[in-house]
Amino acid sequence: MKKDLNELEENIGKVPMIMKKWADEDPEMAKFVLALDKGIWSDGALSKQTKKIIAICVAAALRDSHAVRAQAAGATSIGVNYDEVEEALRVTFLLAGMPAYVWGRTAIDEFMK
Amino acid sequence: MKKDLNELEENIGKVPMIMKKWADEDPEMAKFVLALDKGIWSDGALSKQTKKIIAICVAAALRDSHAVRAQAAGATSIGVNYDEVEEALRVTFLLAGMPAYVWGRTAIDEFMK
Amino acid sequence: MKKDLNELEENIGKVPMIMKKWADEDPEMAKFVLALDKGIWSDGALSKQTKKIIAICVAAALRDSHAVRAQAAGATSIGVNYDEVEEALRVTFLLAGMPAYVWGRTAIDEFMK
Amino acid sequence: MKKDLNELEENIGKVPMIMKKWADEDPEMAKFVLALDKGIWSDGALSKQTKKIIAICVAAALRDSHAVRAQAAGATSIGVNYDEVEEALRVTFLLAGMPAYVWGRTAIDEFMK
Amino acid sequence: MKKDLNELEENIGKVPMIMKKWADEDPEMAKFVLALDKGIWSDGALSKQTKKIIAICVAAALRDSHAVRAQAAGATSIGVNYDEVEEALRVTFLLAGMPAYVWGRTAIDEFMK
Amino acid sequence: MKKDLNELEENIGKVPMIMKKWADEDPEMAKFVLALDKGIWSDGALSKQTKKIIAICVAAALRDSHAVRAQAAGATSIGVNYDEVEEALRVTFLLAGMPAYVWGRTAIDEFMK
């Protein structure tokens, strides 16, 4: 499990707290979700950097104050840069409204500057 | 206006019907939105292909049956390929639930295969 | 109950199908919801026309294809006009994204033209 | 009204603050909503415990930070237990994304442990 | 994989089409999601019937026309009955609005009557 | 730009922080959005007061804690009064659930009383 958590950390920059809770309290659930994470975050047709940007945008579109900060927190350490996310958030503005942009922008101003 | 609409077509693959309605019926609104579109879709820190993928994911996360199809419709003609969007939708699954994946997948199976 | 349904029809233009189902199959639920409707739709600080416009915008913002059509269906018969809703949908665009506008616009183009 | 508020407290564990505001400032609105609440929360085909679990999941799926805490606050006192809600939130994860689980889990870790 | 798909069918009544697509085209993704499904749907603190009801309500709250029908489709064959879901949808009404109820009710009227 | 920002302030009561950031850091984006704002907020078929009420309701329906406060903050200074918004939020309750009402009510109790 430790190894899988490290691998996830490399893919997404920062393992969410819930995953650590699962690893401690409910190893079976942790195993399921880690397997799913593996299928989702590894480099493939898209780089993990691009995937991270998408995750931030989706969280912002859903006005998910928790998820948008959790995603933004790991972005810098895997090499995503601020301007890329800022541009991606403009697309989110068009599709989900100006406040969606603001949610994302607030999170990256906090974690990526 | 014609020139701006053509430029938008190059950026996003397919101009949405609403933009054509605005151009015909309400040129002032069309002008505002075209200016905004220009600030959003042009290549910059991110390529327009990556922006399109983000647009599809945000629309899928919102279960927006209209927008997800409108975005998917233009993807191929600007050089986005199926596997990239499919991978991006896995991220959307994690952040917004399996049905969000299904909304996106259904749209790309219709327009990008 | 008949009288209450008629009163609701006067307030919102068109009684939703679900209310008729409840009136037939589950009169108690119908009674509760009709009482709530009374507290919501009657003229007060806002006219019922303004309330109807708000209902269309909220439904559009939620990408609720069912509700946006159900609300638009009754708008004309209580004296709301097309241009008012179209302008209201621009606000919805800013707050909830361009596709939210499109959902509303599609509904009013179908029912209010 | 007092009696109805007590009855609601028995059904849902904790009367939301808004209901108390309505009871004080706008008794007519309070009456409408209390009547609706009665039609919704009483035991029937489903127990009130199951209804409470559903309310938590819906609030979590909507990333409604206010509602998820308001619902979780009353759960223990009507006999819902932690493990039931935790399992229900896994379903919510699948349908609405991992962050929806996190919203619910955070609320029950605060109020039900 | 065949065995896992059968087990899932027993738990949720009807395997969603996307799972069959994954099993055919992308067995690795199928494996990840089936493992997750196992951790979610099996009987535990809650019965699989209660979990199904929750899934329908969450899908209805999100106005997810696809998911609400997909979930409702399998409900009867695992022993959920109509009245239970109808009552659960009243809770969804309160938390997510009357149209959320209508989305769920329309799906169960189609698949569970 | 200064003149446009002042004009926006007159239309919506309080210019959102993001607009000031854009004006400082990214004047081109500011220009696009200000042009769009002009097309949206000016008096027309609807007064700017009615538009503000709609903005609050849409933000509340989306459980957008940031946007609902940002919109409510400017309402009083353009002449919207508390009772109008409170009634509009009842419509939002019906379409988007009781918690949507609570989000809006909390914001107007903070900024409009």
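For reference, chains read A, B, C, D, E and F in written order, and residue numbers begin at 1 within each chain.
What we mean here is this: contacts are C-beta pairs under 8 Å (C-beta built on N, C-alpha and C of every residue); 3 or more make two chains touch, one makes a residue touch a chain.
Note that the structure is a prediction, hence the values are computed from the model and not measured.
Asker: Provide the labels of all chains in contact with chain B and in contact with chain C.
Answerer: Both chain B and chain C are touched by A, D, E, F, going by the contact rule given at the top.
Asker: Averaging each chain's C-alpha atoms to get its centre, pick out the one most distant from chain C.
Answerer: A
Asker: Among B-C, B-D or B-E, which chain pair copies the contacts of E-F, with over half of them the same by residue number?
Answerer: B-D
Asker: Report, in whole Å, the distance between the mean C-alpha point of chain A and the mean C-alpha point of chain E.
Answerer: Going by mean C-alpha positions, chain A sits 27 Å from chain E.
Asker: How big is the gap, in whole Å, between where the Cα atoms of chain C centre and where those of chain F centre?
Answerer: Distance between chain centres, rounded to whole Å: 21 Å.
Asker: Distance between chain A and chain C based on Cα centroids, please, to the nearest Å.
Answerer: Comparing mean C-alpha positions, chain C is 38 Å from chain A.
Asker: Listing for chain F: what residues touch at least two other chains?
Answerer: Within chain F, the residues that touch at least two other chains are 29, 33, 36, 39, 59, 62-65, 67, 90, 93-99.
Asker: Report the topology of the inter-chain touch graph, choosing from line, ring, star, complete and other.
Answerer: Graph shape here is complete: every pair of chains touches.
Asker: Touching residues of chain C toward chain D in the complex: what are they?
Answerer: 28-29, 31-33, 35-36, 38-39
Asker: Note which residues of chain D are touching chain F in the complex, please.
Answerer: Residue list for chain D touching chain F: 16, 18, 21, 29, 33, 59, 62-67, 70.
Asker: Sort out for me which residues of chain B touch chain A in the complex.
Answerer: Residues 36-37, 39-41, 44-46, 50-51, 53-55, 57-59, 61-62, 64, 67, 71, 81, 83-84, 86-88, 90-96.
Asker: In the complex of these two chains, what residues of chain B are touching chain E?
Answerer: By the definition above, chain B touches chain E via 63, 65, 90, 97-99, 101-103, 105-106.
Asker: Which part of chain C faces chain A closely enough to touch in the complex?
Answerer: 93-100
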